[in-house]
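Scrolling down, you'll hit the structures one after another.
Here subunit A shows up in two complexes: once beside subunit B, once beside subunit C.
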Partner chain A sequence: MHDSVVIALRDTLDKVTGFIYPNELELQWSILIVLYPYLTGLVAGAFILASLERVFNVKVLKPTYRLSLLTALAFLMIAPLPLQVHLGHPERSFNILFTPNPTSAMAMFGFVYLWYLMAVLLMEIWLDYRKEIVGWADTDPSWLKRLIYKVMTLGVFKPTEKSFVIDDRVGRALTIIGLPSAVLLHGYVGFIFGSIKANPWWSTPLMPIIFLFSAMASGIAGVMLLYMFLCWARDVEIEMPCLDTVAKYFLTAVIVAFSLEMLESIQTAYEAEEHFDIIQLLIEGKLYISLIVIQICLGSLLPILLLGLTQIFELPEKVRKVFYAVSGTLSLIGIFAMRWNVVVGGQFFSKSLMGFTTYKLELAGREGLFSASVIAVLPFFVLAGLLWLLPPWENKPGGAA
Partner chain B sequence: MKDIEHLLRVAAIFLVAIALFVAVRSVVKPESYGKLGRYRAAALDEIKALPVRYAGQQECGPCHKTQAREKAGSSHRGISCESCHGALAAHAAAPKTAKALKPEESSMRGFCLRCHEAAVSKPAKFPTVEGGKHNPDMACSMCHKPHSPKI
Partner chain C sequence: MRELPRRDFLKLTASALLTAAAAAAAAPVAWAEKFYREPPWRRKKPYWGFCVDIEKCIGCGRCVDACKTENDVPREPFYVRTWVERYIIRKDNEIKIDSPNGGMDGYPPVENPETVAKSFFVPKLCNLCENSPCVQVCPVGATFKTEDGVVLIDRKYCIGCRYCIQACPYGTRYFHPILQVADKCSVCYHRLRRGKVTACVEACPTGARMVGDLSDPQSNVSKFRENNKVQTLKANMGTEPKLVYKGLDKEVR
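Let's look at the complex of A and B:
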């Protein structure tokens, strides 16, 4: 064996405490795998917020309806990137579609993803914008945009009034199909972890539901912050009834997500199976900051407190905005920490339940902090492009904003 | 009809896309895929055709009687010859042309310590030493015989 390999092998022993199996030394699921459920969570959350307006006819949410859809699309387009970068062979990824394996949850997900992207999200956005697209195809000052809009009309330049009524109905039907699709999209991510029998930190049937509700919390928080930011950037008034309602949904999602997480923890603690000792060590040691401090205290309890205050007292608008912005940001950080605690935390301890390994986050490199940050910022550029092409704030030619 | 023209066009696009997918799939799908399971059946023959690199230690004994006997009676008996000397199928077939690898004196310490360096994660009964303290700067083989390391 080569000397450098020998030395590297010996040095890795310093990373280990207690007894672990050789294949557990290196953490395989890096920060990119933390990012992946985070991004899909934002997609699902944003889409569910849009669906609330559409399916349940919550009219006050109108100003955020299109923004939520575009946010969902922007994040969905980037969501597979962390996986591609992690696996390192993007040219092979089509094989999971060409040679599908119906007994593998991971493999089948390619189809769920495609379905959600093509049949639900793109269709719904297209139907919702079609009336404007037809108008813009004629009137937009930029020839490039006119060309894109012309393509997007699919050659139907003179739509009938009745066709829009049909669009509305089809759109609503799509949302109703879309809602379970969004749930599937994110429930699946939790399902993958929840179904790993070998890992007691992951293996619980509650996992899909916990992921789903934290996804809703993060998606709603994301759209809320984006809405506030865009109003500020465009120098228009925030519509407070809308913002207040979004914040209310946000509070609900945070409370449910947090309760489920705690329920699961309490159950684990009370059952105190043989793996509980190592989990306790994990929580009190390596995960103390990211779990107790960031995820629970700063990411869940503080936002619940702040948002709760806005519900109990009649606070002035300014204070409410600050509270919303702060709790939204905290919750987004907290939910990232939650993904981290699940993905990385679950790989810290050995299946032997007698030892830990460590994870050193690199700065550069394919799976380093830098590439993860680039991927995390990319959706905002995609979103900027979408906002340029399909501005959500234009009045519909036919009437209401 | 005019009212749903755009929807029909979308449906047409979806149909074309699905047809394209099926067409591309029929081209790129490996021929033997699925014959035996969800993998390329031809991969088995490809793997079978790879050259064998390890001889297995029952091959070494007839030519290296001393080492084989020594090792069989020592605590290193559970370690195969080739885990220390490298893959040697070529050497076993033609010992004069294909030289065997032998851990060099200069790198001996690292070589032995990759298994024997003390670490809390090792079972207590496993013989370990702290490389930095156990007769540093001397090759292990000066005192321990690799094929029968007990002193």
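Let's look at the complex of A and C:
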């Protein structure tokens, strides 16, 4: 295993430009660590969309409420996987939970994650579905599903109406707790990078909030596209008031995220500290395509333009749908590029600020494109399973979904 | 609930404001007293420090070789616990820095030597930070500072997340390709504890490197710090390195 790394690094040696510290040749955080904030961001964004319906009573969003929750759960279940695969000693990862270092941002991951998964998401989904689960446990035609539902009722087969009222209240309270938790989960991911003073590309107090808003944009775009896709797959009419509202929130998130990113860039350029020269070279060189073209032009400006048009003009439904689908897809690609630019981009230049190393994405191997693609696709399989078990739409379980 | 008369309310507000103002006025005095921080080596003996005299370094690279041998560092040029950088600053202010193979096998000859304004070698190693970013970020506490001031890694506990490598401003850490854990200069802690100096110090033919006990005012490092104008690398990071340099040029990163 390590031989291939060493051979690849030997090849990289003559691709260094300028001067880097000898240990900086190897890029420490690869595509898997790009994937991690991306997946977590989708979780936080999807959950925040769900909270809008529940906490702020945006009733029109009802059709996407459960879908958002299930999407958040599916992505949350896979989110730690890229981290785990990336570790040198995955078998020791439980030490993060048993002997966390209180000064380490990363050590808090396990706790924030468990809190979010166990206390917030699972509880909220269960409470929301409880009434149906009890019904399905009796009526579902498949014995396997009946068995799973029976386990999921936790032994209460005849809950009273009063208990559903309590469920609803607890569920609402959970969402209210969940909202800051989602913010914490993703804001914290930004902090992992933003708190590294050794790296001027990362070290900014804006990092958590930039991550948060781009997470919201990606999560809302993800749920929006999933909703459109599922309606198409189930041959059901899209509820346009819902889709229009989701798109409106999506536009807001994209605008805020983009403004914050630009604010940060302008500040860096204006202050022009010691590290500015190397950052400028980085943006004009190695990150030109992924930052200027993909992240800014295609991933932010074009979606803002398209979504803006839908707000200004009364476009026909068909056109709106196309605009939403295109801007959602572009934004998801753009936000992936943003994670790439932060994580990989931040490791291209030397901390001596005098040169660049390079990164060649391998196809195979633990940190290769193949394993990253598998991890990126996994949440959709989890989501398919969840949709099979807990259909978010109001038709009979077991029917053609 | 009892109603608060307006007069009482005003009195209460005024006294709260006055108290806050008095505290604010007294605060700078209190802060000024706290501004002087006692060096940690006053409290703990021994407390290890390191000094480098740049003017004495001839760039022979024997320190790098000795370190790799002593500490089983992979022989590849991209894994080093210590290395030596060569700076060539030309008369037109063009700066060239190199450290081929960490400086272990010497350096290629200088082109157009007549255009060189100055040239020097800078040995690099763990900066022995008092406030180590690497210790701060390690999620499991596998990287820790010993009570005598040395930052070490517990190889049996490190999970290999590489966060510490990102956090070190000096690039002194690498990921060990065989052990799959982070690795760094330990200032030959195993030797220090037995009363020996580090392998690099022992191998240095010119005495450009020094290791010693900062808590002893008569030690080589204490005397060196006392008698010379010394500097640390990247002082703005607030890491408070216990590795100091004499003769550090402003171009050195």
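Heads up, the rule we're going with is that the second predicted complex is superposed on the first by the 379 of 401 C-alpha atoms of A that agree within 3 Å, B and C clash if a C-alpha of one lies under 4 Å from a C-alpha of the other, contacts with A are read in each partner's own complex, and residues count from 1 in each chain.
Please note the rule applied: contacts are C-beta pairs under 8 Å (C-beta built on N, C-alpha and C of every residue); 3 or more make two chains touch, one makes a residue touch a chain.
Given the structure is predicted, the values throughout are model-derived calculations rather than measurements.
S.K.: Would you mind checking whether subunit B and subunit C clash or fit side by side on subunit A after the superposition?
M.R.: Verdict on subunit A: clash between subunit B and subunit C.
S.K.: On the A-aligned overlay, A:Arg10 touches which partner chain: subunit B = first, subunit C = second, or both, or neither?
M.R.: Both: A:Arg10 reaches subunit B and subunit C.
S.K.: Of the two partner chains, subunit B (first) and subunit C (second), which one does A:Phe19 touch, if any: first, second, both, or neither?
M.R.: Both: A:Phe19 reaches subunit B and subunit C.
S.K.: With the two complexes superposed on chain A, say which partner A:Ser163 touches: subunit B (first), subunit C (second), both, or neither.
M.R.: first
S.K.: Considering only the touch criterion stated at the top, classify A:Arg130 as touching first (subunit B), second (subunit C), both, or neither.
M.R.: The first partner, subunit B, only.
S.K.: Answer with first, second, both or neither: which of subunit B and subunit C does A:Leu154 touch in the superposed model?
M.R.: first
S.K.: With the two structures laid over each other on chain A, which partner does A:Thr99 touch: subunit B (first), subunit C (second), both, or neither?
M.R.: A:Thr99: touches subunit B and subunit C.
S.K.: Between subunit C and subunit B, which one touches more residues of subunit A when both complexes sit on the common chain A?
M.R.: C
S.K.: Which subunit A residues come up in both lists, the one for subunit B and the one for subunit C?
M.R.: Common interface on subunit A, subunit B vs subunit C: 6, 9-10, 13, 19-20, 99, 101.
S.K.: Help me check something: in the complex, which residues belonging to subunit A touch subunit B?
M.R.: Subunit A reaches subunit B through residues 1, 3, 6-7, 9-10, 13, 16-20, 94, 97-99, 101, 118-119, 123, 126, 130, 153-156, 159-160, 162-163, 166, 170, 355.
S.K.: Okay, in this complex, where on subunit B does subunit A touch?
M.R.: Interface residues on the subunit B side: 2-7, 9-10, 13-14, 21, 24-25, 28-30, 33-34, 38, 107, 110-111, 113-114, 117, 119-123, 131.
S.K.: Which residues of subunit A touch subunit C in their complex?
M.R.: The contact residues of subunit A facing subunit C are 2, 5-6, 9-10, 13, 19-26, 28-29, 83, 86-90, 92-93, 95-96, 99-101, 103-107, 109, 192, 195-199, 347, 350-354.
S.K.: Any idea which subunit C residues touch subunit A in the complex?
M.R.: 74, 76-80, 83, 85, 95-99, 102, 124, 133, 135-142, 157-163, 165-175, 177-181, 237-238, 253
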